[in-house]
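Each chain gets a letter, A, B and C, in the order it is written, and its residues are counted from 1.
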């Protein structure tokens, strides 16, 4: 178990170090996240009161779009110079590679969620009523989508059509997460009267199932 | 026991039979040159021995492991240099070598120790080591890849056209690597079109064509 | 060039033709029952005395409900066969999973379409976001559209089979979570409120519904059988190709051995 975690840590820190060097998240994905919020503003042509009502849903749609980019990037890093074969040759446990890559995506998503929260506060006039719920629901959702995304990133890789195949594979599966996270944030941001904690429980269950399935299936998926 | 024992191995790439019944036996410490036209199956043969490609039929044993059962067990003991560099472009040479060493199971301090030695051996200037790989030339990247592999001190080296695209210095470095590996008792398989260079190492020459081993200057008779 | 050496020109067989004929007859019978012999849903409002109800729209009941049941049968089979493939790794499981998923998706699409057409006059809307069954079916449909898209990529057949199996299983595991989340989300559902609840399902209506289940089961079986056979023949053709390719490859070897003997290797 210890070596699994240390191997995962090795992979996660490698991915995060690559991000720190290449700054794809900060230079490309983060601006894209803000852009999505702005586009929604234009498209909905609404006053702040209405936007505030929709903010939780728009927030999570923006997160999902950023997830697609983050997963694509995570996968591209390995296929660029065939480092993926190197990972197979090195003998790392596939579950460790899965956990490591998911963890790296998780960290990036948390940063994006922070940015997007600031975004909806500024652009939509939202406010965080329940800080603890906002934190936990955000964390749990990020975990759920990072794990699922990493799994589907492997499913869609190596076929030459990853960019177009990933969304149609990944997003329908995340429908319950979108529903749950939006309701949880409805509560946390005071946009609607819902039981956010109940939804967070469902999201936590999703996160656990996704991580387990991902760790188990990843090995079979990266083999030729 | 032979390091590599292949008997009538068929290996498919999708539907295409890259290997159509290849047989080869290599003892420990041998140096083998794989030659043959492009598309003959040399790369697939190397990848099979690395445990990356599963044999469709036939017997395939490398370092005592049966490849049709589990190719994974072989991989850590083998170093494979393919056509791609296998390096992370955004990380520096030193970071790459350190990562790959730790990935192969070496602990951090041992990895760092061996990395310094391997990089020096590959003739990479110290100033290059902290540069991101994307700033290096193709030849320098190749040498960095070899350093990353050398750190593992593998029993079996599989080199797919290691000289290709390198300048004179680079080629000399590759030759030295091969001699060092041979001196250390490792088995080396090199696929190359650079017959003259490799011939200086007095290798056994195996000719591959049409997915088969068609000529062999050594091996069991 | 290789030709499939099998002499089979179609995927039909005496058994499947008999089934096909029976299915056609059944379909005709069902359509007659559904659209001619059964009564439209007409009720008298207790206080106003007006005629209310679904009128002729209710006839879609006999198509929509059986097809919905078959959709779940098909996808369950696809999931079961996917699990079977991952455990046994033999092609039969993979071809079955693919066939069941494909036929199931056709049925799922028809369920959504007939449901929408039925819903328009009855609920006064083409689509209802709050409805649990509708949402779950839509997500299920989209998940398997993704599955079929993956199936069409030009991947190594074994790689594709493995990945598709994982996609199918994850989709099925996800389904209860989808259902639960939509259910919590909107407690109301048009499905539960009306339609089957208020109709008097008895006598001829019940009989027609039962016939509907039977007939669509036969349609499913017939389609599945043929789709399976197509998949199986494709697989066999692929294997013939490989065997022929091996022969060609070895012949190539003989040719270049001569060339290398003459000293022409590059």
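The rule we apply is simple: a residue touches a chain if its C-beta (ideal position, glycine included) is under 8 Å from a C-beta of that chain, and two chains touch if they have at least 3 such contacts.
All values derive from a computational prediction rather than experimental measurement.
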| item | value |
| --- | --- |
| Most central chain, Cα average position | A |
| Chain whose mean Cα position lies farthest from chain C | B |
| Where chain A and chain B are represented by their mean Cα positions, the distance between them in whole Å | 37 |
| Whole-Å gap separating chain B and chain C, where each centre is the average of the chain's CA atoms | 48 |
| Chain A-chain C separation of Cα centroids, rounded to whole Å | 31 |
| Set of chain B residues in contact with two or more other chains | none |
| Shared-contact residues (touching 2 or more other chains) in chain A | 224 |
| Sequence positions of chain C contacting 2 or more other chains | 156 |
| In the complex with chain A, residue positions of chain C that touch it | 86, 139, 142-143, 145-146, 149-150, 153-156, 159, 162-163, 166-167, 170-171, 173-174, 177-178, 180-182, 184-185 |
| Residues of chain B that touch chain C when the two form their complex | 10, 12-17, 20-21, 35-38, 40, 193, 207, 209-212, 214-215 |
| Complex contacts: residues of chain A adjacent to chain C | 151, 155-156, 158-161, 165, 168-169, 171-173, 175-176, 179-180, 183, 198-199, 202, 205-206, 209, 213, 217, 220-221, 224 |
| Chain B residues within the chain A interface of the complex | 50, 52-54, 72, 75-76, 78-80, 82, 84-91, 95, 99-100, 102-105, 132 |
| Chain B partner contacts - residues on chain A that touch it in the complex | 7, 10, 14, 17-18, 21-22, 77, 80-83, 85-92, 224 |
